[in-house]
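Both complexes shown next keep chain A, but they swap its partner, so chain B is in the first and chain C is in the second.
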Partner chain A sequence: MTTEPSSLERLLPAPRRAPAALPHWRREQARAFATGLAPALFVLAVITLGPTVYLLVTSLTPLDPVHPHSALDFSDPVGNYRTLLGDGRFLNSVWVQTKLSVATVGLQLAIGLGVALLLNAGSRFLETARTAFILPMVLPPIVVAVIWKVIFTPDVSPLHRSLDALGLPVRSLIADPDLALWAIAVADTWEWFPFTMLMVLAALQMVPDEPIDAARIDGAGRIALFRYILYPYIRPTLVVAGLFRLIDSIKAFPLIYVLTNGGPGTVTEVTNYYAFVESFNFSYWGYGSAIATVMVAGVLMLSWLVGRLDAEQQRDE
Partner chain B sequence: MNRPSALINLSAAAILLVVLFPALWMLQLSFRQGGDIFDMRLVFVPTLDNYRALWTGLFPGSLGNSVIVSLGATALSLLLGVPAAYALSRWRFRRRRALALWILATRMAPPVAYTIPFFLAYRFVGLLDTLLGMVIIYLTFNLALVVFMMRNFFDGVPRALEEAAWIDGAGVWSGFRRIALPLAAPGLAATGVLCFILSWNDFFYALILTRTKAMTAPVAIVNFMQYEGWEWGKIAAGGTLVMLPVVAFSVFVRRYLVRGLTAGGVKE
Partner chain C sequence: MNARMRRRRFLQAGAAAAGSLVLPGKAPAQGGAKPLSGTTLNIACWSAPYAKIVADYIPEFESATGAKVNYDTPSFPIYNQRTDIELSTRGSAYDVLNVTFIYSGRWIGAGWFTPLDDFFNDPKKTPADWDATDFLPGATNALKDKAGRLYGIPWTVDIYMAGASRYDLFEKAGKSMPANFDVLRDTMKAVHKQDGVPAFLPENHYGWSFIPFLQGFGGNVFRDPPDDLTPVLDTADAIAGAEYFSNLLREFGPDGAISYTYDQVVATLKAGRANYSPNGQIFLLQMGAEDSKVNKTCAFSICPEGPKGRFPGVATHGWGIPVGSKNKDAAWQFIAWAMSKPVIRKMVVERGYSSIARRSLIESPEFQGKLLVNGQDISKIYLDTIAMGASGYMKYRTVHVYPQVDKQIDIAIQNIASGQLSAKDAMQQAQQNSLNELKRAGVKL
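Let's turn to the complex of A and B:
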């Protein structure tokens, strides 16, 4: 962090010569930047690369608390992965995850887009409404889970009480094997539609006024205006927002933990939850690591896709 | 933009009410008397009994842990991340893009992938159920966030000002301290608040890596459910206390929310 202004001054024959042109100053600058970058990169490597490598290594062993010495037992390195392929509960969890992800991402895109279009006008009230609409996504996920546990628990639920009063009593949605997953999808959509809404609002603000005005003069209605003018502008944003939600949907946990515990049976047990159960309820750390490794691979593929799309968009602009 | 009609304002208000209703329901539940919980009438005598009950239990300790861990994680990630972000913004070196991608990837990884190795390592070195252990694991998502957000903010500070300072003999880091950092101060505040919110909101890591001593407030709420029976009033009061600081802060960082949550994935 120390600097040597005096030595630099001696190197400056003309007072306004760009310092970048001086090799000595450049070297010094590079050294200073490297000093600023190094601690963060070092810590990041230790806390992210380290665990990832450890995870991979553990996934090649049968490690569990009963056999503590199996941490370095590589006699059957792909054993866990072979088990995975024949593990009905794992395959079921992937299917549950797929259903949940498709439903929530679709709903969040649709509702987020709808609300964004509604709020995309300049009034003080709508400005305030935007801030209020983001509440669900900033709430601690555990609070979201508590909120929806109340809604889905017949004793205390305003929903169930109203239905009872109307003479339409229903079972608790989260106890019904056919509906539990959709109950979670509703809660998850509530939590995250503000994210797509904010991204779409930001994109709508970038749409120039001229084509909209021109279309209006030509007599375009609301639907035509959206279909031919707005939609082409915000389509890339929708794709990126959807991918981000898709990646995050793979991490779903607190809602499932509090609302259903993966049940009834395993109908709401997503892969993330199954990895948690294997690793921390049963302590099959080796097997849990294999499941987590498969998840990391999936997430990396999706992230790569986000990076590609983003690069393509920048090229188009 | 054209001025919205009354119809648009009205429908926005109606939708907003529907969206906020579940949260408001929990809020009113927290002010109800024990016996009143199952009463659906909207008019009732509010009471602070549930909050009082929380205050005499173990909950304040968990809330304190949440504050310490969140503040600690925020401070440490800013301390490490801000200089790194500045270097990434100003220093043109090869592999700069690859480095940025790597930092983004660390943020995308599912938490369960980190918890297994961290759990095993913490058990070995004795960091399980410690505040320090929680601060360290929160760096896994906060540090990348700080680097990305602050790099964006530094990119917005004109280079010319520092170049002038450099010519006048200032070193890289004194230019950073005296020019770039003060100009990026609003960004620094927003980044700090976002780090705090993300750490405060964490449930998954705390559930697995803490037991009693370092238990944070979100885990304490779940324990009300599992070990103390279904005391809805108390659960709702705990939920309200945990969400309050976040609600207050979020108004302040709304503009940066998307940028923070997508951390480098989208250009603005």
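Let's turn to the complex of A and C:
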């Protein structure tokens, strides 16, 4: 005979029971899994954590390969970080990076979303168009950089020649200190907006038809349909895509290396390019490691912040 | 047999002799075994014209010695960055590497290359007629340490000179190749945009292309290299030189001139899309090549003179053996072959290679003939410039911290030419940044 719980009992949380001891074979199974996984976990730790720890340790030294003993010189462990705070070129590079990241992520989300909305229909033509739009993303980054080097060199550029022919001559964008960074942002957007487009397109295709049909019957226009039906569905995807692109924008390198070398002057010198110059042109590996460590910390903090903001927003809804 | 055939036979025989060798006691063994069978040599150099020519001759070395050669020629900055890291680990990935001029002080000073004296002074490893003393002292001096030991065998002496791709436009404007900075400016003004061609285009490595202008105005990079490495980029003379040079770029360069790398400059000149360029002779002489659109209209001159004198750059690069190499003897055999008289002569005759460091070949009729472009004798420019370079004004370039200052000079000229900073502000910024970089490198100022 079973007894129904009283209404009071239903409201109270169920009493916590002590966890039952796992049977012997379960414990053995868990141990076997752990033993099997241990080598892979060890290798993973060595591969991923090892270099990060080494980077951090190196950043505490003035390591310069000409003086190998400097690898163990911990006499002033925060010296590199102290120097960073007063290094105008580093601070400028952070500002340049911020501008580039904001511009490229914003443009890529906007264009990627727009193109995805346009391509979100079933037709053979649109399927072909989707493939064509993906091309820039699958090209090797250095090839993309060379393509844009040609486009941005007025002497050989089809873009500049066409504009000249139309009576709208434009000076070299990558040699103009006011426009060089935006020229790189355009090239970077061309290369990476397909990533956002693909993710949004996939999310759009997961949206069920019922709410869309219901909204249409209720007289919703295109804007209202996007705002109240589609956007809530694809917003998490946009956040993830934005986060990926934000992190990737901080790794921008081939475009800058090929197009401007950080110039004119230092107007396109982003932080990782500056770290590269300090490490590999001047061989200040300790200082370069400090810059890289600050970047890693920045990326981790950004990821955590964006993830937290999104989680809070979802909870509020 | 005509003279051409005889010469070809002679060269073939010479190259074969050099390949098999240069190496007394290392002749192919009976039964077909070759002295380096089973040996793999990893070799790299930056993508200089010479390095590309060598690539075509390496199969001859492989055939003569039995060695297998892995050969790599990345661009100048990539080569230097990669090599700097490789050398610093004292690794054995490479057996023969180029000792880059700008890094020679750093790489040799750090003990990352092997002294070659024991190789070329050993009759068992090098025949007497290979003649190490045949290389120009101006070239070998930069590749020696303080004790006088040699770490690189120079495959080039690159001199800074001037070239015009469309000299016909100069003549049309009643101008000749400029002899000094005053005339240079007037001439650029006269020929700029004639036939749509911009007048002035140096490469954007200003730590090389600007320095003759800096020194021509009486400035310098360091106060008294190599003893006093205090940068002196903010003197009145240095500022005047930077302003003059940047104005030439801004007023007479093609659109986006500050973005032109050395390979772009060469391609642009050969296509006749820019006219006058002060640059290294190994690049400028390509205007006279068969595939150049301007090979009938190009002209050359010695670097123009500034108010305080003429200071054309002289740079050298040489083959060296990293200390970590596990195949040092075989590596030396490659260097001895590549730098032997017959092989270099062959490169001069067959490929027009024109930047050699062996005196006996510089004075040879083959070489002098190759340096006659459109009736102009380049060999005189070549030898006169090398002689000037020996006076010591190039000492700034081989100090171990020059790469740091080199970058500051690049940034300064870009800042001035793009209108971001005045010459005074840009050079003062370069001075301050250079001081910071040198202090970080532990240089006592």
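As a working rule, the second predicted complex is superposed on the first by the 260 of 317 C-alpha atoms of A that agree within 3 Å, B and C clash if a C-alpha of one lies under 4 Å from a C-alpha of the other, contacts with A are read in each partner's own complex, and residues count from 1 in each chain.
The working rule: a contact is a pair of C-beta atoms (placed from the backbone, for glycine too) under 8 Å apart; a residue touches a chain by one contact, two chains touch by 3 or more.
Model, not experiment: these values are computed from the prediction.
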Tell me which partner A:280 touches in the superposition: chain B (first), chain C (second), both or neither. both
Please work out whether A:268 is in contact with chain B alone, chain C alone, both, or neither, and reply first, second, both or neither. neither
Between chain B (first) and chain C (second), which, if any, makes contact with A:44: first, second, both or neither? first
Touched chain A residues, chain B compared with chain C: B
Kindly classify A:155 by the partners it touches after superposition: chain B alone (first), chain C alone (second), both, or neither? both
For A:307, decide between first (touching chain B), second (touching chain C), both and neither. first
For A:89, is the partner it touches chain B (first), chain C (second), both, or none of the two (neither)? second
So, A:171: does it touch chain B (first), chain C (second), both, or neither? second
Quick check for you: in the superposed arrangement, does A:66 touch first (chain B), second (chain C), both or neither? second
Could you tell me if A:244 is touching chain B, chain C, both of them or neither one (first, second, both, neither)? first
Which parts of chain A are touched by chain B and by chain C alike? 155, 280
Using the touch definition up top, name the residues of chain C that touch chain A in the complex. 77, 81, 84-85, 88-89, 106, 109-110, 204, 254-259, 264, 268, 273, 400, 403-404, 407, 410-411, 414-415, 417-421, 426, 433, 436-437, 440-442
Inside the complex, what are the residues of chain B that reach chain A? 1-4, 8-9, 11-13, 15-16, 19-23, 25-26, 29, 37-38, 40, 80-81, 83-84, 86-88, 90-91, 93, 99, 101, 103-106, 108-121, 136-137, 139-140, 143-144, 147, 163, 166-167, 169-174, 176, 197, 200-201, 203-204, 207-208, 218, 221-222, 225, 232, 235-236, 239, 242-243, 246-247, 249-251, 254, 257-258, 261-262, 265-268
In the complex, chain A touches chain C at residues 62, 64-67, 83, 87, 89, 152-155, 160, 171-172, 174-177, 259-261, 263-267, 277, 280-284, 287
For chain A, which residues count as touching chain B in their complex? 1-6, 8-9, 12, 15-20, 25, 28-30, 32-34, 36-37, 39-41, 43-44, 47-48, 50-52, 54-55, 58, 115, 118-123, 125-126, 129-143, 146-151, 155-156, 158, 161, 190, 195, 198-199, 202, 209, 240, 244, 247, 250-251, 253-254, 257-258, 272, 275-276, 279-280, 285, 288-289, 292-293, 295-296, 299-300, 302-303, 306-307, 310, 313-314
